[in-house]
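Across the two complexes that follow, subunit A remains constant while its partner is subunit B and subsequently subunit C.
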Partner chain A sequence: MAERPEDLNLPNAVITRIIKEALPDGVNISKEARSAISRAASVFVLYATSCANNFAMKGKRKTLNASDVLSAMEEMEFQRFVTPLKEALEAYRREQKGKKEASEQKKKDKDRKTDSEEQDKSRDEDNDEDEERLEEEEQNEEEEVDN
Partner chain B sequence: MADMVVGRDKCGEQRLVSLPLSRIRVIMKSSPEVSSINQEALVLTAKATELFVQYLATYSYRHGSGKEKKALTYHDLSNTAEESETFQFLADILPRKILASKYLKMLKEKKERRRRREENNNDESDEAES
Partner chain C sequence: MAAAATGSGPLREEEGSSGETAAPQPQGPTSVSGARLSRLPLARVKALVKADPDVTLAGQEAIFILARAAELFVETIAKDAYCCAQQGKRKTLQRRDLDNAIEAVDEFAFLEGTLD
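Then we have the complex of A and B:
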């Protein structure tokens, strides 16, 4: 599993922006300092991953999940990160849900269009009833998945 | 796989995470015992790294001597790694710097001390024999 050295680095531009936004206006950051922070960030990722992985293994899981990362932060004594991370997680989950619903809606619209093109006009009423029932069932399924 | 979480949408809303997920993932996977990483864990790690960068920068700035000069220097960072327990894990990669001349002087002195110790040992063994 050989990675080239540059692959383990994070992009300079993004790191610089994050630092600048965190520090007061007008503060300069030497190139050396910037590079040092970038390296530190990579080390942080490794440390966090290793720590999170321990929690996953404790739970007899092979896949790292969100709670493993949160536990790792506490373990590493970065409790101050836990609340903002939880908020970010919520925002991410909402966004994913929104995307899922949007793509499902698109699919439904597409199916409905195809159906109406194939069906006889005289059978329209029956089909509408079926669709309503289908929609209700789908909604119920969605609610279960979200739990 | 999406590189950025929540790219700028039509309303120009802020990204949830700025660091590229693909790169974060590469670093995470370089860890030998890790088999797989769920997407949420990836997003949270990226976000945590951003928080870490902010924290390291502000902490070092506040505790460092660069404050007077309104600058953040490497020196501030290595001080942090050395003196703060939270950032101890960075001590090896952010070592304090020393002038080459000073280091060479230290080496010389160390050599000198060792030589003198050896001389004393030889003297003692001589005495023991006589």
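Then we have the complex of A and C:
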């Protein structure tokens, strides 16, 4: 499918949105310029990956981690990205932690819920029986009137 | 009747578009800029990372930072290219503005020859 890694493009819609938000209102971008930026972003990711991988290998690790990428940014002379990336990483870690806690909480709630549901069921059955009795009484009254 | 009060509704987080859609998709919660979580689909970024034959594995955090870095990169290069367009008093960014920015800015040197 993809002959070259650079052909793995990121979605056009997202790239366009990022560009539009970075530029002042009323500024447009030609299709050629946009697709060139999209390709540039792919090349950027590939280059950053390669740099990050060097750091990982230096550390005798086989898995790329966040600090490898941050080191790569500095190596590529994109130091200005390091601070916002660190902030984003903090937010991401908090969100991941929140998600994990939320799913654990959900599990606990589910267990608690199944217990209380069983109690509710028996209560509902009693109510239904009462309603049926009331209806029957009404019908009886009507019959008497007719007669 | 017995409504699921504890139902949390769709728990699926907004992860951005996963396909090549032409229409702009409504984005998820946009918090304060800078710490905004990435809009680029992590799966696509991961595919790019895996395209490198030397890479064995990449952690989730690494993929996320790469996605965010790519976003920052797009913003940066768009702004730099816009400076060139502004000088020409144009309101539409052209391909040549991008080429000029690449030549002018040292950090973009790695892009030379890759966009053709």
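Everything below uses one rule, namely that the second predicted complex is superposed on the first by the 101 of 147 C-alpha atoms of A that agree within 3 Å, B and C clash if a C-alpha of one lies under 4 Å from a C-alpha of the other, contacts with A are read in each partner's own complex, and residues count from 1 in each chain.
Here, a residue touches a chain if its C-beta (ideal position, glycine included) is under 8 Å from a C-beta of that chain, and two chains touch if they have at least 3 such contacts.
Note that the structure is a prediction, hence the values are computed from the model and not measured.
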{"item": "Clash or fit (per the criteria above) of subunit B with subunit C on subunit A", "value": "clash"}
{"item": "Contacts of A:44 with subunit B and subunit C, given as first, second, both or neither", "value": "both"}
{"item": "Touched partner set for A:18, first subunit B, second subunit C, both or neither", "value": "both"}
{"item": "First (subunit B), second (subunit C), both or neither touched by A:114", "value": "neither"}
{"item": "First, second, both or neither for A:77, with subunit B first and subunit C second", "value": "both"}
{"item": "Subunit C-contacting residues of subunit A that also contact subunit B", "value": "8, 10-11, 14-15, 17-19, 21-23, 26-30, 32-33, 36-37, 39-50, 52-53, 57, 62-66, 68-70, 73, 76-78, 81, 84-85, 88-89, 91-93, 95"}
{"item": "Subunit A-facing residues of subunit B, complex", "value": "5-6, 16-20, 23-24, 26-38, 40-41, 43-45, 47-58, 61, 70-74, 76-78, 81, 85-86, 89-90, 93-94"}
{"item": "Footprint of subunit C on subunit A - complex, ascending", "value": "2, 5-6, 8, 10-19, 21-23, 26-30, 32-33, 36-37, 39-50, 52-53, 57, 62-66, 68-70, 73, 76-78, 81, 84-85, 87-93, 95, 99, 106, 109, 113, 120, 124"}
{"item": "Subunit C residues touching subunit A - in the complex, by the definition given at the top", "value": "2, 6, 8, 13, 16-17, 19-25, 27, 34-41, 44-45, 47-49, 51-52, 54-59, 61-62, 64-66, 68-79, 81-82, 85, 91-95, 97-98, 102, 106-108, 110-111, 114-115"}
{"item": "In the complex with subunit B, residue positions of subunit A that touch it", "value": "1, 3, 7-11, 14-15, 17-19, 21-23, 26-30, 32-33, 36-37, 39-50, 52-53, 57, 62-66, 68-70, 73, 76-78, 80-81, 84-85, 88-89, 91-93, 95"}
